[in-house]
Every structure is written in C-alpha cells, then in structure tokens.
C-alpha cells in the first residue's frame, strides 16, 4: 500500500472494478465499514476519477457509470430532504454500504479460507497408500434354455461330422450291380435273389448286401439285362437273364 | 484382543490403505456390514489426537493426515503449490458461502464480471461443480462446492466455514435484493 | 509433550507422508540433524505393534504398511452380471452333455477352436472344473461340470438335461472323431 491512497488510485487498471476501488477508499477511512461516511466516500471517489481524467488516463466505462451514479447520490444526499423522493437517497446509501460490506466479507472469507491448513500444502495424506481394490466379480448369466439351444445349434451345425463312422460295413450299390451281373452270366434258370448274396460277413453287412442287391436287380431290370419274377407280396424274388 | 479392537484395527488399516477419504458406507463395505464403525472411528480419532498423524472427518468422509503443526518438516522437497489468484479466491469464497450460486450472483457481489478462466480453474482443481439450473427466467446454471473442497481446506462441513454463522446472522449471505444489485451496476442485471 | 515425543511425532508424520520407504539419512534430513531417530523409530514400532498399521524396516529403509493379516480387507468384491457369450454357452453345453471331455474333443464337436479364455470364463463362473487327465498319449486334461452348475441351471443331475436321451438315440451324442492323436473314442462303434 502506498502512503497516500490518492496516489494509488491514479492507476485505475490495478482495481477490480469500481466496487473494489470504493472498498479500498472506504478502508482508508479507517473506521468500521458500518460507520462509514458514504458522502465522504462518494466525494473521494469522484475526486479520483476527476484526477485520472485530468491526467488523460483512460477510465473504463464502468468506473464512469459509478461516478455518475455517485454524483447523483451525492446531490440527493446534500439537497434538502424531499419526503416524496423515490428512491430515498438514504436508502441508496445504505444499499451501497451493504454491497461494500458483502464484498469485504467475501474477500476476508477467501483470505481465511486459503490460509487454512490445506491438504497437500500444510497437511499431507499418506504418501504411498496401498490403495483399496474393488474386485469386480462377474456373475455370468445363462439359463437352461440357452444351454439346450446351444447344444441343438452345435448338433445341427456338425451333423455331417458326427456321422462319419470308423469303418463302413456295407455293400455299395456299385458293388452289388457288379456282383449280380457277373453271377447272372453263370445262372441260366430262375434264381432267387438270396443266392447272389455273399457268405459270411456280419449281420449288418448281409443286410446291407441284401438291400443293395435288390436295388441292383431293379437297376439291371430297368436296363433290360435281367427279368424279375415274384409270385406275390413278400414272396421270394427270382432273377434270370432275358431270353 | 477383543472384537472391538479387531474392528478398530480393521478401520485403521482400511483408512491407512485408502488413497482417498472414505465415507461410512465405503468403510463398511470393507470391514463388514453391521460393524459399529462410528465407535471405531471415535476410538481411533482419540488415539491419534496429538500424534504426528491425525484422523479427520471432511464432509462425511474420513482420512488420516499429518498434523498441521508439522507442515514445516514436510514441505521440504515439495513444490510450492500453485497460488490461487485473488479473483479465484473471492469467487471460491462466494460459492462456498452462498451455494448454490449463479455466475450473475457472483458478479453482483464482486462488482465485476467473472472471467471465463476463473470458474474453470476452480472446477479443474475439483473444488467447484455445476449444481443444476435455477428455475427462474433464463435458467442460469448454479455452482456449488465439492467434497474435495472440504477435504482440501480441512472443513468438516460447510457449517465449519470460517465465520459463516456471523455472516448469516448479519444478513450478508442473504440473496442480494434486486435493488441492491442495481446500485450503479451496469451489466449484471441478467 | 517432551522433545522426545516431538521427535516421534515428526518421524511418524514424515514416514506417513513419504511416497517411498525412507532411510535414516533421509529421515534425518526432514526432522533435523542430531535427532535420535533410531530411538524414535523403536518407539513408533512398539506403539504400532499389533495395530492395523505397522512400522516395518526393509533393507535399512522404513515405512508404514497395513498389517499383513488385514490385507483381505483392502479388496472388496463386487458382483457384476454379464451374459455368457455364445462360444462359452456352446462349450458349456458340450461339457455338460459329454463330460468328462477334453478340449480337443470339445473342438471336434463344436467344429471350431475353443479359445483359452472360454474355459477360463466357465471355470471363473464356477460351472466347470478340471476333471483329471485322460490316460492316453498326451494325457489331455478333461473338464466336467460342477455342483454349482446344476444349482444354477436348476438341475438335480445331468440326467435332467432336457432332450439328452432323444439326442443320444439320434446318435448326436456320439463322440466325434479326433483329428489329432488325442483320443481314440471309436471304441463304442463295435
């Protein structure tokens, strides 16, 4: 703080607005803000603004607005009291005082706040805390339907793979056609289909051979290389080379 | 060792290990459901009173911190923490004492516009947060302080703010009357 | 408070705030040159013995740490539900219908590779467990379901799996051929 507030306020740029300037001037009265003379304060403010302009300093608009308002307040306070005057100049003076009190209170509160024992500046938390861990355990959701549906899906998808068998204990149609054609050449009379089947082999193989030989007989008949005869449904089937 | 001692040990361990202040609910999650945590905290606080490390409550959250009078030993190799500008300090005080408060209200009290960066600095520090819009024309956004504000400034709650009761009693924390704000203030009527 | 107590407080605060274990020299730099730091450390160690926090020395450096027997308090398990992925559901279904079953067998049945994570997920969920090694070349590990699996899916036993008999009759449960030398499961064709 310079010795004379008069000198200080010539540099208006150092102030955070007219209210800040007013508060500093009020403090210079060295009395409780509640006992401040608004009239004296007003005169001081106006004097500084006038000085500043006389020295051709740039004065920001809000300082001039405040100056105009204070000039009005000053004249209202000095003139003989008009009971009908609206608003009451005394009341306006009180409002101004209240604003100054409010700003002063917050300014002091801020100073007290930042002067407290602050964490990380004056007091310190543990430097290397182990830390608390929240372990997220996942509870998986799936119901029985999902499970069954999944199995059905796999089954459908992999059915061909599932049907591959280790050994094929069957007589193929090609095999049966070859077999029946060859054997027919040696038989001149009607011969039962069973006679064309191989001996031995597993039951599965014999059943397969019977089925394949039957189809082979039908195929050969279609080609005209064999004629078939059967007495009735489920009766034995006979084959013969056509004459 | 009694089960009470067991609880005190548990609370002590969890608070020591925590890297941030813990609420009662968070403590309970770690030490068990029905524990008489308040009693354990009271026991611990008494035990650590006057030691080099103290147990403190800030905004309903608890943490250990070094005793304030030992600050000179601990600042040894720490960088000077960044200073708050005067504008930021005042703005923070206005928010803390008046919250929730709108930017226009902050400006009415300070008598100047709030620079864009001022609120940003306070929010970046984690001390101030947007606190919803006021249901008046224009729906201005309001601001309030955070639990981290209480923690940083060593306040148990906002009631602990220096002088707040006196200021309230003096009517200095009342919402500013419109006529008051009109006192030669251009531009802050919005 | 005696000056000894003052030193103990100082050492306590410095060790608490330090971000790494401190040597005697480092401690001395903080609390003052001639201090009887060893005595203060001994006092502190005795004071914290059996508490939730302990003062420990490791290689000439000192630090506080939470008591080892309370480590379990420092983690908190929180359950989050997540839907089982399609791959995991299929894998689980295969294990349930074919157990015990090796990974190669699961892959043969699914027709796609089983990611390592898939089995991990099922084991993490508690539905699948390793079920011993199969005594064939390579000794592949097999997997089976757990009692928790039955509980979760509301099954009394695996026999309750709907459709398992139908599927078996349709030949759909026959183990697939293995491409690798893994297992010879063809034995049941005879």
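Of note:
A, B and C are the chain letters, set down in written order, and residue numbers restart from 1 in every chain.
One rule holds for everything that comes next: a contact is a pair of C-beta atoms (placed from the backbone, for glycine too) under 8 Å apart; a residue touches a chain by one contact, two chains touch by 3 or more.
Composition by chain, UniProt nomenclature: A = Segregation and condensation protein A; B, C = Segregation and condensation protein B.
Fair warning: this is a prediction, and the values are worked out from it, not measured in the lab.
When chain centres are defined as mean Cα coordinates, B lies farthest from chain C. The innermost chain, defined by the distance from its C-alpha mean to the mean of all protein C-alpha atoms, is A. Computed centre separation for the pair chain A/chain C is 28 angstrom, with centres defined by C-alpha atoms. Averaged C-alpha coordinates put the centre of chain A at 30 Å from the centre of chain B. Spacing of chain B relative to chain C, judged by their CA centroids, is 39 angstrom. In chain C, 13, 16-17, 64, 66, 74, 76 are the positions where the chain touches two or more neighbouring chains simultaneously.
Among the residues of chain A, those touching two or more other chains are numbered 124-126, 130-132.
Chain B makes touch with chain C in their complex at residues 1, 8-14, 16-17, 29-31, 50-53, 64, 66-67, 70, 73-74, 76.
Residues of chain A that touch chain C in their complex: 124-128, 130-144, 146-148, 150-155, 157-159, 161-167. Per the touch definition, chain C reaches chain A in the complex via residues 13, 16-20, 63-66, 74-84, 86, 88-90, 92-94, 96-97, 108-111, 121, 124-125, 127, 152-155, 161-163, 167, 171-172, 174, 176-177, 186, 189. Of all residues in chain A, those touching chain B in their complex are 16-20, 61-62, 65-66, 68-70, 87, 92, 95-96, 98-99, 101-103, 105-114, 116-126, 129-132.
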